[in-house]
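Each in structure tokens, the structures are laid out below.
Look at the two complexes coming up: subunit A is in both, with subunit B in one and subunit C in the other.
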Partner chain A sequence: MSTLTDPSAVPSGGRHSLFRAGLRRRATPYLMVLPLMGFIAAFTYIPIAASLNLSFREWDFLSPDKPFVGLDNYRLLLSSHEFWNALKVTTVFALISVPLRLLLALGIASYLVRETLPSRFLRGALFLPSVTSTVAIAVVFSWIFSTDYGLMNAGLQLLGAPKVMWLQDPQLALFVLILVNTWKQLGYDIIIYIAGLQAIPQELYDAAAIDGGRRRHVFRRVTLPLVMPTTYFLLVISVIDAFQVFTIVDVMTHGGPAGATDMLVNMLFRVGFTLFDIGTGSALAVLLFVLLIALALIKSRFLGRNIHYGS
Partner chain B sequence: MRNSNRTVIAAGALALGSIAAPAMADVTVEFWHSFSGASGDALNEIVEKFEAANPGIDIDAQYVGNYNDIVSKLQAAIPARRAPDAVIMEVTRYGLFADRGVLLDLTPYLDADPLKDDLFDFAREVGVYDGKNYIVPFNSSTPVLYYNKAILEQAGYDEEPPLKTYDDLLNVAKTITEKLGDQGITGIAAPGQFARWGLIMSNDSDLIDSVTGEILIDAPNTVEAYDWMASLVHEAKVASPDGVTEEKNGRDAFYAGKVGLMMNSTGNYGGAISALGDDVVVRPMPCNKVCRVPIGGAGIGILSTSEKEVQDAAYKFISYAASPESNALWFSVTGYMPINKHTAEQPLAAEALKTKPGIRVAIDQLPFAKGRPRPPVVTWMRATEYEMWQAMALGQRGVQDTLDAFAERTRQEEARTN
Partner chain C sequence: MARENRWLAALALLGGLLFLSPALYSIAVSFQTAQSYYQGGFDPTLDNFIRAIGQYDFARYLLNSVIVSGLVTLIGLSLATMAAYAFARFDFPGGNLMFAATVATLMIPSHITLIPNYLSLARVGLLDSYAGLVLPAISNGFAAFFLRQYIKGIPRALDEAAYMDGARPIQVLWRVIVPIARPAILSMGLFIFIGEWNNYIWPLVAVGREDLYTLQIGLARLYKLNPGEGAVDWPLVMAASTITILPVLAGFLLIERHLVRGITMGALK
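Right after this comes the complex of A and B.
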């Protein structure tokens, strides 16, 4: 160990040994991260590169040849109604579900941040959906929102209201999915917000109280700015999550009715694994990747600079 | 001394042979299938009997999901070189795999197998693509009409009403919905894709002509058939929209005694009997303009990448699975149709025909059963049809417009795929 840090410990072998010791010192950090980098490369970077390569080729998973077709897959995608529909549906999903998740989570976390027995119990209860199987949740909600046999319509009928086609009405199905996704993810957002709120120094609230600050003013002037790093983190995560939503849609609506809930990832799966068009599926994956990178940069450009990480 | 040397050498060779012989003969065939529950148990029984009769062959039968799951997993397994040796493939979806050389041409095997003459014509035909045999049928089916006798009686039918035409079905479905709607009972289950195909055929049309390959999605009789099917949901409101977005909801509601009529595969007979007992009645599909039903189900294919020895063993199993003994066991448990001409002679099959009268209906439909097309574009067409059907059935788009656009896109896709 001392051979790397103490020059006096270098053997008297001359300049050659000194050079080797220096080389080892410089190489050590790289060798340390090599296993991790290798892992990330094998499971992230190489698949991304392979996907990029496939997006310029025509392949059905079965043929031995993968002819190069240039930008044909991208042209096919950008001229298709399905792609623009899926992009629109996914954008609407993200625009509604992300603010809804963050607002609800912050509101609930503000109440649950206190260390009381009921709040501890509620934290656990609200976090449960996050650790429950998404497929199980989607199946249960499919039955709850079933038109003829579901709990929701049974309740409405008890009140004398007519049945609602929750999952068959194109105007409603997407909102049902947003609701289910929000319910599933809310617990995680709440826990992260509670951690963020607990990190705010109590002295600031004490000072605000001495100054006679009202509760909502304290929330706006103290809590909100200081919880912004958490909000920013959740914003990034929830936008990515919204653009990658798949399981709930696949189980509850399969992208229907008539494409009304067809998200980008559902389309990707259908094109690639049902229609055997790996080239176009890969092109869609690349476009989704670029879109998410662009959104992250935009968020960083407009929000990142206003966030202060010190209290 | 010489003799003793010979004895030692002979004993050594014998010992070596006794060790090597089973190792040489032991072949494991990895077989992917799509049967669980009672069907899975029946298949496992067939596998066990085959292994007992063929000690050198081990069939590693694996349930990997439904037909779609098998196709998806096979796609991923082939480039990863982890494909099985034998696989169940749905009768309209193996064409692409045959076309790309993934499936082994079984013609030489079948030509040398007495089974070829024992198979019914329809069963032999469903395995042929481009003049060659790629799958040997295992579970063949047609859609049939099921009804719940108790529900019809509650709706006021003391005798069986006519169920031959579209109008007949609509009348019965309307009566059930009107009289029992308050109890949450609907007249008819929204037809699933297999039943839709059957209803189109009974209207003297098709989606793609199985002989000429002509796309008939926008043919007048197809449009008329879809118009009637869609009207069940959004106009007459005798079918629940739940079954439009999720096909199995219609079947589950029928099993739960919440639906009067259902058109579905013969493969559901066992499930229907388990759920509803003697209340289940099976009748042939309606003959609106003609009597014609599609043949569904699946067959077993062999992967061309497997070793010759494994392929031989796999074929041996496939041939055994289609034998009268195996087919009788399979038919009596599941309700899938017999594919072997000698199946009915088996005691198990005879007993099933006696005790489960509904099981005979599919056999009676065989004279007018028709194979479906299986070129590569069919996979695309079937996957896209769900979205088109939803748009029509839920009244979001006109039937003629939808089918015109769908036909056009299918023609483009066919040109692209070819």
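Right after this comes the complex of A and C.
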């Protein structure tokens, strides 16, 4: 390490090198940040602008020009049954799976919060699916819920009940997907809740115990309000997850039967990469993007008050 | 008291195994012959794995997954560490804005980039290549955000001491910050690797050539290849699924603690 290249030492070569040393010192953080920022700009921010631009055009990926069609793509989407069906299915998926995940996770986490060996083991077991391949999980559960060779129907038969066509029944398929998604994500939610619960100062519980608070009461008055930031974080994450669910649907039902499990991202994939209707696909991507940002904003307004004061 | 603990331990073990039973059973089936699977009994065999590798090229998919996830981790982690250091230690015009843009990538749903990224990679001829699989995945701000929080917690006095000795910023990063932040960097590396290993939608979009399939694509194709549910060769599919799960499973058992720390710190900071 020579002092000649040291920006913090006084350079020995007069004004010119003083200027250069200063320049280098000022350039350093930019040089370090630039590579990552370049990737983020090229593959996240420019594409958002590109999506918006393409959503006002008509293009099939092959033809040489992309005529501007104004809001036609949006009009087409908003008047199609396909879009409203996908929006409905995705909303139902989110409305059921998000509360299910959070309630189960908080309930289980409050039992596993202690650092004992059994609780650590259970945490590990519950966490495992969340780092496991979603495709593999979807394949395994397709098999478990398969009509003729599945574990579920084998169990039903043992009880003398008839076989159920889990993934072919429009009423049931969506619930199977919700179940599989919950099974996969639950461990992650639990780990986050445990960290949130462990951050609550023990003195508050001690004080509640001195006041003679009953367990349920303490949970409602101490635990629940104080894990509110964690709940808020998980709510945001899991709603975004739910509106972006794709893999388990693509593998297990492919949107069927009869569109009963057709989610927004599956529709986006179909319109964009099977039909190569780039304009409509981009319009769908923009609508979904706007929807998710709106949801995040509504939630922060709605929950903002509760985070600090509790209910 | 001791007895109560033993009961709790047994209950936890049972609950954990029950929860994981679908996965455990699928692994068991992957070691069964088709005949014993459909007719009952247990006749252990490696035949399903041999077919998955011999007939369906799962060794190649495994290699592709290792290459792609490895490259994404290596490049992503290096860029994130550098950026995190700059965000944590330097006050420079535009720094806050760029940091905000980095953090915002956590909230931006990735589907909006699918079509444009496909189009731009097609334009430069990078679809159907490792580069096409790797490059878009680097555009993720989570590791930079997380490491920046971690580096902020390292006392500045250590940097100053190194500067006194005549070190340049990049040397401070490499000799002072990286050794201290190694656990956090490791956690993030695992996090990136696992995320990329399990990535499905982008490889599905970006790759059509079979010799570039990752495990996720290979497994989904193998399963979908089978016409109609009755015709699925379940032991074979389960062997392929076991090959897909096992590397991450093994890694998980080795480093669970690092991973959990990474995830919870990211959430709570």
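One rule holds in what follows: the second predicted complex is superposed on the first by the 269 of 311 C-alpha atoms of A that agree within 3 Å, B and C clash if a C-alpha of one lies under 4 Å from a C-alpha of the other, contacts with A are read in each partner's own complex, and residues count from 1 in each chain.
Everything that follows uses one rule, which is that a residue touches a chain if its C-beta (ideal position, glycine included) is under 8 Å from a C-beta of that chain, and two chains touch if they have at least 3 such contacts.
Note that the coordinates shown come from a computational prediction; the quantities given were computed from them, not determined experimentally.
Partners subunit B and subunit C, brought together by superposition on subunit A, clash.
Once the two complexes are laid over each other on the shared chain, residue contacts for A:F68 go to neither subunit B nor subunit C. By the touch criterion defined above, A:F19 lies against neither subunit B nor subunit C after alignment on the C-alpha atoms of chain A. Of the two partner chains, subunit B is the only one that A:P257 touches; subunit C does not reach it. In the superposed model, A:P47 makes contact with subunit C only, not with subunit B. Legend: residue contacts after superposition of the two complexes on their common chain; A:V135 is shown touching subunit C, with no touch to subunit B. More subunit A residues lie in contact with C than with the other chain of the pair subunit B and subunit C. By the touch criterion defined above, A:D148 lies against subunit B and subunit C together after alignment on the C-alpha atoms of chain A. When both complexes are overlaid on chain A, the residue A:F273 reaches subunit B and subunit C alike.
On subunit A, the surface patch touched by subunit B in one complex and by subunit C in the other comprises residues 61, 142, 146-149, 273. Interface of subunit A with subunit B (complex): residues 60-63, 142, 146-149, 165, 167-170, 253-259, 270, 273-276. The touching residues of subunit A, counted against subunit C in their complex, run 1-3, 5-9, 26, 28-30, 32-33, 35-37, 39-40, 42-48, 50-51, 54, 61, 116-119, 121-129, 131-137, 139-144, 146-149, 151, 183, 188, 191-192, 194-196, 199, 230, 233, 236, 240, 243-244, 246-247, 250-251, 265, 268-269, 272-273, 278, 281-282, 285-286, 288-289, 292, 296.
Subunit B makes touch with subunit A in their complex at residues 68, 71-72, 75-76, 78-79, 96-97, 100-102, 184, 186, 240-242, 244-246, 249, 253, 258, 379-380, 383, 386-388, 390-391, 394, 396-397. Across the complex, subunit A is touched by residues 5, 8-9, 11-13, 15-17, 19-20, 22-23, 25-26, 38, 79-80, 82-83, 85-87, 89-90, 92, 95, 98, 101-102, 105, 107-120, 135-136, 138-139, 141, 144, 163, 165-171, 173, 194, 197-198, 200-201, 204-205, 215-216, 219-220, 223-224, 229-230, 232, 234, 237-238, 241, 244-245, 248-249, 252, 256, 259-260, 263-264, 267-268 of subunit C.
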